[in-house]
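First chain A sits with chain B, and in the next complex the same chain sits with chain C.
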Partner chain A sequence: MNSMKGTLLTVEAQNISSTIKKFINSLLERNVFDAVLAPVRIPSGESFAYLLMRDKAVLEQCEPAPPIMPIQGARVLKQLTRRGELNVKVLSIMRPCEIRASIELAKLQQVHLKNITFLSFDCPGAFSTSDYINEPDMYDVSFQKALKAFTAKDFRACCTTCVNFSSGNTPTDLHIAHLGVPDDKLMVIPTSSRGEACLQAAQLSLTEDISNWQEQCKVWQQRRQENREKDFLELRQRAAGIVNLDAYFSDCINCHNCMRVCPICYCRQCFFDSRDTVRIEADNYLIRARKKGGITFPTDTILFHLGRMSHMSLSCVGCGACEDACPMDVPVGQVFNFIGDKIQKMFEYVPGRDVEESIPVLTYSEDELHEFEDARDVS
Partner chain B sequence: MSKIGLFLCECGPNIAEAIDLDRIAQSIEGDKTVAGIERHKLLCSTDGKKFLAEGIERNEFERIIIAACSPKQHEATFMEVMSSTGCNPYLMQLVNIREQCAWVTTDKKAATDKALVLIRAAIRRIKYHDALEKKEIECDPGVIVIGGGIAGIETALRTAQPARTIYLLAEATLGGSAKNVRILSPTMRSAKEFLNEKIESVRHNEHIKIFENCTIEEILGFFGNFVAHVHTKDNKKHELKAGAVVLALDAQQYVPHGAHSLGYGKFEDVYTAAEFEALPSDSIVTKSGRPLHSVAIIHCVGRKKLGYCSKMCCVNSMKIARDIVNRSRETKVIQFYKNLCLPGTYYDTFFKETKAQGIEFVRYGNIDVSRDSEHLTIRYKSFGNAERTVPVDMVILSTGLTPSSRVKDFAQMFNIPVDEYGFLKQEHTILEPISTVTEGVYIAGGMHGPGDVNDSIAQAGAAAGRILSSLVPGKRLELEAKTSNISETMCVGCGACVDVCAYGAITLDEDKNISVVNEVLCRGCGNCAAVCRSGAARHRHFTNRQISQEILQILE
Partner chain C sequence: MKTLKIQKPPDDAIRDVLTRLFDANSIGGVFALTKKRENTYAYSLITKKELLTTIVPTFPIMPMNAGKMISRLTMVEPPSVPIAVLLRPCELRALYELVKLEQASLDNLLFISFTCGGVLSLKLSTDILAEKTEEYWEKAPSGEPVAGLRESCTMCTAFVPDNADIVVTLIGKDVRQETNFIMNTEKGEKYLEGMNSQYSEQSIESNEIEAVRRKRQAQRESVFAKLKTEELGWNGLINVFGRCINCHACGNACPICYCTLCYVESAEKDTFPLAWERQLRREGSLRIPDDTVMYHLVRMLHMGVMCVGCGMCSDVCPTDIPVASIFTKVGQRMQSIVEYVPGKDLEEAMPLAIVDPEDFEEAESETE
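After this line comes the complex of A and B, so read on.
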């Protein structure tokens, strides 16, 4: 992959979606894939769902780059491959964060990647699902603009601070670039040998220089990094310490939606929904109430979030699905993203970057984390 | 609710002087959950154990807390007493008020307060202890010994007895690297005689079955029940069953190569120590047949490359020097050494005797070997001195030992980690030097580091001792009860526990998509329970509830 080159697709009538579909169709026609997994608009028109398609006619309905992410694609792949490898070739069209989450799940045997080819695109971000369903038409227009401008006023906070919006830290196979590409074009870049083979099969020649795209990616990474640092600084002030953290999560109604939509939360049953926590005798609560002067119900709100954080923050890809699903608009994704960033840096780990890279909690290294040996020095 | 009893041990003056046990007894007396408090001067003594047993019986305690020393020291002792009274030994909690309070907290009041908190935590914990039962399995008392060298032969000889079949597997013929040794140090006895005696007794032992020139294809199973598939030269396949495995392959002689190999492989009359010893015994001459006037033995060859001292080569060099002089009085032997390694009580004498025989010792900083048509020339520089040259007829390179090329295969077969030099890792360098992380697999000889014949024999004996005491013919094998348990309903089969299990005790059941613990291999370390995010893996004696109740009490 040293001398990466791309191939250009011409966008007709400013319709990016139909251009991508045409390209996918050409792959299907040449039997490069047996099926496609991609988002489609649901009949109400207000949201999207993933569809596994074998019929080319159905492909027409697909929306390769939808303006929202109501379902994290990694959860879909998990359902599809949980019991073992696929024996047909599937092209899976996803945002980079969905692919990275899939890779994390593959490390945990929850997704099997064999026969799956990923197709990603330069993701400018996504709108909040609850915003979108109120005014889908308006947001559809904004998103088409945002694909080129790469920014939109109402993108979710997790998206505006995302630095892995392209194929950089995402082990995708085929990537559709629009950053740094002329308005009437899209560029397909093979990012793995599998991707290269696909393009060869489709008889597309790789001649286009990609340095413009790379340059633009860097520019946006820089901008996003600045957003990130600014947001993290604010977050630190807002959420640091138990009093602030309590206030941060005070709107939480313990619905556990954030856990249910999180691609990384893969336990069969969460401890916080288990009989260990739901079947506690009143006496026990009374003892706790006596000690603290009172006890809030539902209980253990902060503990739930901290517990989830300790379990999954090393693998958190910052997709923001949790925040999108929160009915109370608790900025849960932002704080998970912030903590994830810190803990991942500690182990020089980027979740989803490489399927061969073991999750730090599963590896033992004698020589690490000396800074924590004397806990008193930790500020 | 079962009756809980508390025993306070004074540990002589150790605890009694540093902690106010009267105050502890008074404070606990008000606790209704504790049915009785007993106190003794030294619970681990014969008298103390009797006191403990009688106390349990008299008070009809079912669960007990002992506030005494570290569980590492006497948990097993007290569990035994517990069993002798008919109680379940897992319904006991030992609170370490000696190492954790008496010995480290100098202020008596603070130490007493701390002890009290820990005892209260144990009282709260013990209610949640499960009466674990030890399981037993059928086992084969036989032993598979891999390696036909001294270590392997000795292990076979020491474990062979009626009702116990020993399979001695040698990938070549019996004897191993000792076949090429002439003389043993420090006795200067003939190695051939010694080895032949050993081989004879192994061949005549009816309990030992020898497989020479065999290929070990695989060994499956676990402690108590191993199965080896062995292929012999006559194209026969054998399935051998045994309860334990001893890895006893010899280490290999380091062979000099690369830039600074002192003429090895280049000049005539340059040998490694092992090669020299393997020469026909009458050939105390150069390759061209000239008598040997002078021989140089260069020490520490490859020492830097290997990165460790092989500890046997200095003495081995002296032994060779003495053997040469004994056989050919006129030959002058010079030892070029860097640092002499003379471990133990007898090697210093051995060194003095060697010097007394007229063998010269010269310390070198740098050294090189060159050759003209007649002679080899040693060019060396001692520390701080000018360069000198010495002509010699023969050069013997004293090299260290490297791991057998088969180490990595067996490491993989038995899930044993390998150290940075390629030797097998012992379970613990000090506490478990002949065991591996895989229960029932022991190491003797050169698999875990360099050593001499004495080491091999000592290790073989140690391995034999472990096997004889744990695998008794006719007896079933008692398994660790404090093991891990994985809930089938909670497990999502992510394999995290498989990755962190150091004993290879967990496997993924591909059909059910869940992890399964092999209770024979599990040693109850708890790694799986710690890493399992689903809460499926659980340590039977360190359950979430036991730990959280203990912590909650401490925080109260």
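After this line comes the complex of A and C, so read on.
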């Protein structure tokens, strides 16, 4: 789509969210969709939950771009479509990393994308859920500013190094641009033919040039890339090698909550929680303990993280949900993001970019990756 | 009861006793909290006497409920050599429930526990742990409030380990100078005989313990009153659990929730698209996942009667829901209806295993 154009919406009273909602409502009224899946503020006010809505009154309460990501949207789509395709047309409003994770889950046959249209936005990042819960009002204000300024204190560490914050590398259908657009405007850009059809149905004409937006996206990608390289360098020093890795995860209590909130870890029962792993005779533990004089309980903390890493890091979208839900504040998302980046580059794979692109572990051939294999000294 | 006194702080005295047990070949291993590195603590199974220097059994942290860990250790087959297990009263009670659930065995284990001043919340930053521990030892032995203690511990009245073989006193005066090993069972006595030390007579109960119990009871009533669970209703439940992210960390950290795969995570609980669509037509809008409140109610129904109030669930909750206090309160109510005290007596059958519809008539009519 070389001749991409957008359409401008005017933000009234600095209320970005109500402008987006008005646009969504116009699509629903024209029956472009049967229902909308989007975050809604919970009744007690301090967090958000995904709702599938056709009720206009409820839709009024939705928050298309909430300051936090308490539940990764791909997990929500999985719950909705794991058992098959939807027959109703749903507009799904999510952050880019949630859409990319949904695409990975579709490849893993845990999500069915038929009848789902994705709407996303230029995502500056998300705050830590537990921080937000304590001071929602303060974070609401700083998030509204961050939508335009694209930076804020206290964003999740993974967000500050995210380069896929817009529609590049994310198969959205409709995209809301904040970057490079005047403060009192939003630009809706159709990023697929399905998205174009939506805007046609809404009788919105595509006349606006998008080069400013593209330019600003590049600028921010560059900044984020610099952050990324800086952080990765520090991570390498901090976590490389088994001794450092052990120290890195030293606060881990082996609760496996990182895995449970990970959108990619879709197994109902992780191998590390299965009977095969857990059911071991006491004497067997004693034999293991005697080798070193002692073993920690639960056992295999590092093995769990390495096992999980080898299973999902190719598909890791770097959303940081794992880190957000870690009760011990282990910076687990950052190290997974770092390893994910390396391994994905090795396979020239961008998770979530394209549903047609196969996950490398499903298409591997024995005769490949010589540059890595041969570089190792096999003795 | 026969008591061994050692003029040393508890962790040192315990190390001395365990060293002698190793030397006498009375034990082949020790299960205890260990210090892995600065500010990092984990349970470990130790087989080498020299590594006893790493154990810190009375350090006020509970990274996991040790009852759950001993279930891991013994669920297939108990050890063939005796292991000394150092754990807190609620952990021992949880283990007793797990034995009843056929998930653990007590064979070949020697239980050493404490009159327990509670543990610090896992949510405390590890940077202030050392400082907090100082404060803990100043205040906890007399039941004075310690900021940062688990809420469950501040209101725990079952802090005396009735079923331990050996009870180390951590509540009372001078607990950091002199350590008492009270032999609570014949087994405990057998292990501690011939230590070449002075023995005296001491009961576990004391005025100090009674005073702490009264303080905890008052705190319990105040925490329970604030929760107002009676008035919650559906809207209240949605308010309390609204920010739950369905990660199920509470259930996974719970020592009683032993299922390898929780029912609500099973394929049986999947909803088919047609059912979603039907619900959407009927309700106009749906929260997804749709079982946030239901998960907690199902879990409560399954384990509430066995809840030992250890507080692990609250400590691991990423969104700070006071799940432990709610479960402890409702658990106490359920337990009083069926007159059951979890973790007290292995011979006492679990109420759900011997359910009789008539048992509930009283409670049912009350709710009407």
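One rule holds for everything that comes next: the second predicted complex is superposed on the first by the 370 of 379 C-alpha atoms of A that agree within 3 Å, B and C clash if a C-alpha of one lies under 4 Å from a C-alpha of the other, contacts with A are read in each partner's own complex, and residues count from 1 in each chain.
Note that contacts are C-beta pairs under 8 Å (C-beta built on N, C-alpha and C of every residue); 3 or more make two chains touch, one makes a residue touch a chain.
Being a predicted model, the structure only gives us computed values, none of them experimental.
**Student:** For the three-chain model obtained by superposing on chain A, do chain B and chain C clash or fit?
**Tutor:** In the superposition, chain B and chain C stay clear of each other.
**Student:** So, does A:109 touch the first partner chain B, the second partner chain C, both, or neither?
**Tutor:** The first partner, chain B, only.
**Student:** Comparing chain B against chain C, which has contacts with more of the residues in chain A?
**Tutor:** C
**Student:** Can A:83 be said to touch chain B (first), chain C (second), both, or neither?
**Tutor:** Touch status of A:83: both partners.
**Student:** Examine A:159 and indicate which partner it touches, taking first as chain B and second as chain C; both and neither are also allowed.
**Tutor:** Neither partner.
**Student:** Now for A:176: first (chain B), second (chain C), both, or neither, which partner does it touch?
**Tutor:** A:176 sits against neither chain B nor chain C.
**Student:** Would you sort A:362 into first (chain B), second (chain C), both or neither based on which partner it touches?
**Tutor:** A:362 contacts chain B only, not chain C.
**Student:** Taking CA centres after the superposition, what's the angle at chain A between the directions to chain B and chain C, given in steps of 10 degrees?
**Tutor:** 100
**Student:** Given the touch rule stated above, what does A:282 touch, chain B (first), chain C (second), both, or neither?
**Tutor:** Only chain C is touched by A:282; chain B is not.
**Student:** Using the superposition on chain A described above, determine whether A:311 touches chain B (first), chain C (second), both, or neither.
**Tutor:** First partner only, chain B.
**Student:** Give one of first, second, both or neither to describe whether A:267 is in contact with chain B, with chain C, with both, or with none.
**Tutor:** first
**Student:** Nearest approach of chain B to chain C by C-alpha atoms in the superposition, in Å, rounded to an integer.
**Tutor:** 8
**Student:** Enumerate the residues of chain A that count as touching chain B in its complex and touching chain C in the other.
**Tutor:** Of chain A, residues 82-83, 268-269, 274 contact chain B in one complex and chain C in the other.
**Student:** For a test of understanding, state which residues of chain B touch chain A in their complex under the given definition.
**Tutor:** 489-496, 499-500, 508, 513, 531, 533-536, 544-545
**Student:** If you look only at chain A, which of its residues touch chain C in the complex?
**Tutor:** My answer: residues 35, 37, 42-44, 46-47, 49-55, 58-59, 70-71, 75-76, 79-88, 112, 129-130, 133, 247, 250-251, 253-257, 260-261, 268-269, 273-275, 278-283, 285-286, 289-290, 293-298, 324-328.
**Student:** Could you list, by residue number, the parts of chain C that touch chain A in their complex?
**Tutor:** Per the stated touch rule, the residues are 28-29, 31, 34, 36-37, 40, 42-48, 50-51, 54, 63-64, 69, 72-81, 83, 122-123, 126, 235, 238-239, 242-243, 245-249, 252-253, 260-261, 265-267, 270-274, 276-277, 280, 284-290, 292, 315-320.
**Student:** Spell out the part of chain A that touches chain B in their complex, as residue ranges.
**Tutor:** Touching chain B: residues 82-83, 108-110, 266-269, 271, 274, 276, 311-312, 358-359, 361-364 of chain A.
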